[in-house]
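Heads up, there are several structures right after this.
Same chain, two partners: chain A is paired with chain B first, then with chain C.
And now, the complex of A and B:
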């Protein structure tokens, strides 16, 4: 017990550990974590890159400047992290989700309200999906600005643009799955756009919907695309993409280093090699942890995955909007022909973007010396921004004032002031808003009714709703369910009959915000 | 050793290489056929929506000319009466398949998706829609089952004319809408 073990004894004892730590001894693992130099010769940390599958995917060393934060902003890494988060949360959601029109919506409700941590998981899945779109786009922007798509990295850029496509399609296919109104109609529009494709449009639409309209077949097809085909294609593309980066050309040096006239000493320090183990590895662990923490906090405190009313194939809701990352297409669609605007322009933009390194032959990388490329890029960004604004429901879709007033207070989709009233404040009764209100109603309801009456009065005074009057009727339909009917009656000057606009919304005790606060 | 000086793309081809090329060709053909079969498999889709024809009430229940069209949500169409007669307007927007709503205030159809608008007879007014609303075939049958009026798309008759119909018996004249027969709306000039 007092004798120190000999070196060979130590090696034997450490064999099991070495096989777990990719050939590294226990001493070596600890030295690595302490940031000490390697304990053996030749450097066993490089050997680990041969022994371990996961480490072999990563380069052994990086030139210092390629890892500058101001060069990569960790965006590629973050995209991978988010992709993995989507896998994990997605597989967990699959346990409770059922891809049929009869069950899908109920299963998402169940996930949100009854499954422990279900709401959190759903929020995470959706938040990470949307964050992934943003991160992937930013990653592309940085590669564009740093000129890193040029030369040997042309093909890498090409695979990247396809990865962006897969990311968008994943989000879009996931969008249908909750089977709510928003989902149903956004996807109806999306697949009708596919129909506008010349030659293959009708076939493509049929292939996606599995029938003439979206129904059980369409939902199943989108589900399979979402959980199988697209993730598979995504993983394969990611493998090709990253293989090029890791094995073929490495991360580019910042243009300032590659092209810059800099003092030798500075250049030397910019290009000196940094080992993956432990420096880069630990840095990535830190970034990943920070990203996960931010995601968790975002999903827990701030982000609620939306869920609207159950899909109704017989009624398109007002304010139907594409998901935000496709609003630019919706904006284009408002401009004109659907084949040109909905298919040809997005398709041509995609091809031009994918082929960018093949037509931009300018070898210069620094953005300051690429005025044309930067101007074009900026133009593209501004157009996408403007088109996105034009895609929102408020642009170009005119609602007449009666509909607009009711939509403001009790929208078909979304919450609105009426649905925010406490359930108990909805005193059943019929209220004619041109008459004095009963004195025994809750103050919240009184405010609400007064607002409604004012809105109609204003429109009436503006000549829009001639002699307009507002009515509200609240009926207790069954225990815990109230029906609220909003009605506007007016007398158009040129017709002799009265006109009416009516909408009824249903409020369930359980769907009210105070109840939603009980979510796990 | 043979001197290989390649001046022609097929120079020096031997038996092995020819066989290899044949294998590759065969594999390509098989893959093409497999793709075709897979496509046929995936494409198979269920029958169109059911039912295919609707009894849309009697002539007596029709909205009078100038009134708001009557909605038949199950068939996704609207019945309207114009000077020409009874027309069944397809409620699916000709732009991208959203369902139109009726704007009581403007007395127009309005699409909630991209804002196309159509008048009460389905004529295009504004928005990105490429054509006026489509129309389904309409038949008006008497209690004996005889057709007293109908659309005739081939002849350009897009509404079932009511001119000859006996107004007194209007409550017994049934309107039948056939949603398998459709005329596309007039393209926007």
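And now, the complex of A and C:
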């Protein structure tokens, strides 16, 4: 007489496979992935939470309302996903990157142009880093709005603010590593703020830079911060942060559920338990995959990690600005004293933010009933926005009109209008723009020259460039290489000589892959 | 639940499709990227050449008299390596020459700026340029090959470049050199010419740009002194005996004077 094998016999028979799937049978894994009910009794999925290290980090069940999309927006999960993407792409980049001033830039060039999938790796790493700053800030905003920082979650919020700090510092320290002009000057500005710290400013600056100027020592320090110290601190903080969420207090219920007067039936369905396996698990896998898809598509089709000219301590670029997520500090600096604005105010804001749950003792969580907190939060958001705008290089900095116009059309860094013209449209010739243009030039060039002439005319009429005239000269210098010279001549009213501003840029046919006739 | 499953399958398929697309195009991307990088280097090299090299090798690599040899030149690309017995590649020859310079010339004709034939440019040898800049210059110099060998024709361009000379001290030094180098003997004390011996040079700065297509007044004047045979003034059957050996700085001063002499 045959009998069904007992569960334990089954377990023994399927031992190897089961140990891979945290004690689940293949049958069970399939059912789980399809979202079917458990195939065995007692529910083996709960056992998996004890068997598997990764699953033991996760709660077995969630109250339904805590997992509403409109409550968490998956932002914490997305922050973790981005952090992991940074780790993986970062380690791959480390294979090719060399943290010395002699080699750093060349190694980034090599990654971008010669390493298989190197450009994609850089784009991904940079895009995910910027996305992470945004996602972490949004996560904080949602925790603030849902009032989830109160009560038992106060310390979780505190670790969160430090995580935000680590995220910003990771982005900032990574900024220097390509060792291009963008990196060098943004970080020079950033670390010069350390100098303004009261009492220990000079020492702090020296500690960061390794010398009075950023050089080999500074680069190595930023490198070690970026690949070792900050990730380590980040992982430890995240462990504490998430352990508290998973084991200590769980994800908060939406305030409307916790505080609201709901019909009993609705309340019951909002607080009923949902299993992690499979419901939450499948949902998270889906969100993760969608995030990876968006990231990969963004990096491949749209985002290009910036790389300017090699860092040059002797040549300050026209537009030096801090990384975008620190522009608000630069905006503050334009308002006044370096120590007060650049160090004290950011530091005090950070402390106030970290300590928010300890001074905001209002137990009410629904945002509709916290007018003061909401107003303050909105005020903070608006100030950061305004300060960021004020921090941009173009705000409040007067550039001579001639330089500004030339910079707009043929910038020192980046593309600019002239570089975007098709190579063939750059008809060689000398064009005095106050005279009729020759008829046989390409229409794209004609438009460009007309734009240039108008810009100078407008400035001339506005009195900036008195009697200003513009010239453009296009010369074929070598095979597939043209020199484009832009020149503005004007007569300042207070002196009797003419003034000239000239810039020559070189354009190679193959520089712009869209226009080049590239042969394999 | 099945909605999630379907969404999951769609997302995974899309992810897979994107990864395959990326993978399939990577080989072509690497080819394109290498070309873009070379183009980037040539552009950067052109800028550096303008700053550091054209004073000896000429704006178009045509060479300037005793100051520096032609680089935009068929012999340079076809026979030079054999001539100096260089076993390596052209790229390495050019890069090494730029990096280390030449204390003494391999050809006695070239005096450079009078101190060394060509100064070293790499930081390792005490020069101002980084390794990547030397690579960029090398790419730029090598890009003369197709035109030097006549495979590609680049249209010459008339380029009237008004060069603003305003440094009075420089002009004064140039004026003094004009006397010391013996130019006055044939061109007159005030550069107003000596009948049947040498033409007046007054106002030459204004007109020199129109004499030869593609040559700026500055270069025209340099060439007149360095390689008198390069251009012959109207009304003269033979080139004048203008040649004088001087350092590059001196020559620049002299040209500044000639550009402004009225």
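One rule holds in what follows: the second predicted complex is superposed on the first by the 407 of 520 C-alpha atoms of A that agree within 3 Å, B and C clash if a C-alpha of one lies under 4 Å from a C-alpha of the other, contacts with A are read in each partner's own complex, and residues count from 1 in each chain.
Methods note: a residue touches a chain if its C-beta (ideal position, glycine included) is under 8 Å from a C-beta of that chain, and two chains touch if they have at least 3 such contacts.
Small disclaimer: the values here were computed from a predicted structure and weren't measured.
Student: Can A:507 be said to touch chain B (first), chain C (second), both, or neither?
Tutor: second
Student: State whether A:337 touches chain B only (first), chain C only (second), both chains, or neither.
Tutor: first
Student: Answer with first, second, both or neither: which of chain B and chain C does A:454 touch in the superposed model?
Tutor: neither
Student: Give one of first, second, both or neither to describe whether A:398 is in contact with chain B, with chain C, with both, or with none.
Tutor: first
Student: Applying the touch criterion given at the start, work out whether A:420 contacts chain B, chain C, both or neither, answering first, second, both or neither.
Tutor: So A:420 meets neither chain B nor chain C here.
Student: Can A:369 be said to touch chain B (first), chain C (second), both, or neither?
Tutor: neither
Student: Output check: A:185 vs chain B and chain C. Expected answer is one of first, second, both, neither. What do you get?
Tutor: first
Student: Thinking of the overlay built on chain A, is A:282 touched by chain B (first), by chain C (second), by both, or by neither?
Tutor: second
Student: May I ask you to decide whether A:316 touches chain B, chain C, both, or neither, giving the answer as first, second, both or neither?
Tutor: In the superposed model, A:316 contacts chain B only, not chain C.
Student: Chain A residues touched by both chain B and chain C?
Tutor: Correct list for chain A: 500.
Student: Can you tell me which positions in chain C touch chain A when the two form their complex?
Tutor: It is residues 1-2, 4-5, 7-8, 11-12, 14-15, 18-19, 21-22, 26, 28-40, 42-44, 46-47, 50, 60, 130-133, 140, 143-144, 146-147, 152, 154-155, 157-161, 164, 166 of chain C that touch chain A.
Student: State the interface residues of chain B toward chain A in the complex, per the touch definition above.
Tutor: The contact residues of chain B facing chain A are 42-43, 45-46, 48-49, 73-74, 76, 95-101, 103-106, 110-115, 117, 127-128, 130.
Student: Can you list the chain A residues touching chain B in their complex?
Tutor: Going by the criterion above, the answer is residues 185, 188-189, 192-193, 203, 206-207, 209-213, 217, 314-320, 330, 333-338, 341-342, 396-403, 464-465, 490, 492, 499-501.
Student: Okay, in this complex, where on chain A does chain C touch?
Tutor: Residues 33-35, 102, 105-106, 109, 112-114, 116-117, 119-120, 279, 282-283, 285-286, 289-290, 292-293, 296-297, 300, 309-310, 428-430, 473, 475-481, 483, 497, 500, 504-511, 513, 516, 518, 520 of chain A touch chain C in their complex.
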